[in-house]
């Protein structure tokens, strides 16, 4: 039975690419989400103060 | 829209026209009625939506929603044939800079299918005193000259409705006189004219009615003449 | 709404994460090591899943574009924007993992194989449309123009595949079918199908989040205008 | 139908007379193409350039890259004096505007192809050896112009204008270029039409598809 070539290095490379890529995108999304939520709450306060006048 | 018993059927009837420009609702519910022989001055600050209304009536852009929008009774902007009855003057001259006045008018005469175009163009050019410069490219003209040629372009096909978007901006006195005579003639041949301007004093003596565009609605305005 | 993530999609997130973990478990524990490729063959499962999601996302974006053109509902444009962005990320990861997987087998990082080339061209179309989206401000015009470009892209990418297929092809791999000289044992096939399902669920969760983000950003813009009006 | 044709001819005459006055689009494109031809000459060894399939590919690369200049320019004419609105206000159908732009661009491209093809065969004495080249290159140029005008109508309304056109246009025009290169290459190699037919039929199919998409969606792109 031919000896199975040892390609574990590429396996690790492949899966680190998957994990890092997906994680990077998720982090990117959360950062943008946090920014926009903060902006929205600031606006909500501004709106409330404006309506009181 | 005071209906002082004008017998003629309205040339243009627009009710509850709405248009959002970007995220801003520029026209909340504009209603307007134009009868032949009328000259309506529409004022309003810059950005109030005057140009948008003119573009909708000219068929360039479509309103988001409108109860009725009819020209001579038929539903409006969809069909290209309807636009044959409309002449448009905008603060930009809308002429091809590289072409001469003659070539520009020849081109527009062809797409508006103007009968015996050459005499029509020649007579119009004479009237605005551009006979001598008719073969120079438009980019060599002064602003006043360009606007005069643009006015010729608008009335070339003898439209029933004349829309003018801030036509008086940047005109020299001679061009203003020519514009006023054209408007007066238009009123006499029972054309309906709508002029937008942010300076209400312009062409006051020509106007039969005044409208103001505020908060996206058309409000009729009585001026002590 | 200070939460890290919108609550609405928590359930979807949980399901997606569980599915992915199971898929990973299946890949490493259940699926046998392929005889003549060695361990690197395990990259194949996720590679196909990512490529599938990339293509699916392109079709989803195209579908939303068609709906937008017929219904002029701005939300469809936002959904299309979300689908395009996620599609691009998955396609790039698929192409990257594809070349890593190909390296030991055909000892080249890149092969002009029709499927791989078409996927990369699809990524180019994605990037082009994102540039286009950034450079138009008026939301209505942006929606209209982006929808049409998305439909053109959706028409052109399959045409690219057909036109270059006759060109030169090393491994006639059909999605999910037998891979180049790799005999697909039943366990392998099950793992593959499971990971494709897992990543489709993950895709839906991501799409929901990205869409919500776009929706909130749009609301912020609208309230900005309202605030301006109130100032007058 | 007569009216449509009448408007179409008027629009094309207008574009051509502007071109006659400024001589911009065609001459600029031609000189750009020649300079690329010379650059490629030094960049590639003679063997590639002389081989018939290489020749077809190189000619089409030159046409595709320099054709992009005319695409930007053609829509720019309308954008300067805000003329697109004048045309939209005129009683002509939007498809007439689309076809006039596509035909003008096609004439520029085809004119350039008629210069580049013989010039290339002179420079590298590759035989053109059949008149079929004429209509095959016409098909290629038409498909290019039909989709190009559509993408140019989009990018002309954006902030980045000319830079955006190649990024958006080249990825989606690839199928047409592949078919065009393959067909021309087959003809250069002296194959009969029969053997090159699979590629030519693909070229025709792409032409039909892109023109159809163009006709339908041009109106959506230009109207505000």
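Per-chain residue numbering starts at 1, and chain names A, B, C and D are given in the order in which the chains are listed.
Note that contacts are C-beta pairs under 8 Å (C-beta built on N, C-alpha and C of every residue); 3 or more make two chains touch, one makes a residue touch a chain.
What you see is a predicted model, and the numbers here were worked out from it, not measured in a lab.
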Pair of chains joined by more contacts [C-beta pairs], A-C or B-D: A-C
Per-chain CA centroid nearest to the all-protein CA mean: D
Chain of greatest Cα-centre distance to subunit C: B
Centroid distance [mean C-alpha coordinates] between subunit D and subunit B, Å: 38
Geometric centre distance via CA averages, subunit D-subunit A, whole Å: 42
Cα-centroid distance, subunit A relative to subunit C, in whole angstrom: 15
Inter-centroid spacing, subunit C versus subunit B (mean Cα positions, whole Å): 50
Two or more partner chains touched - positions in subunit C: 137
Interchain contacts, given as pairs of chains that touch: A-C, B-C, B-D, C-D
Subunit D residues touching subunit C - in the complex, by the definition given at the top: 147, 150-151, 154-155, 157-160, 164, 167-168, 171-175, 178-179, 182, 198, 202, 206, 209, 213, 217, 220-221, 224
Touching residues (chain side subunit A, partner subunit C) in the complex: 1-2, 4-8, 10-11, 13-15, 17-18, 21-22, 25-26, 29-30, 32-34, 36-37, 39-41, 43, 46-47, 50
Complex interface listing, subunit C residues touching subunit B: 137-140, 221-222, 225
Sites on subunit B touched by subunit C in the complex: 20-24
Residues on subunit B engaged by subunit D in the complex (per definition of touch): 55, 58-62, 80-84, 86, 88, 90, 92-99, 103, 107-108, 110-113, 137
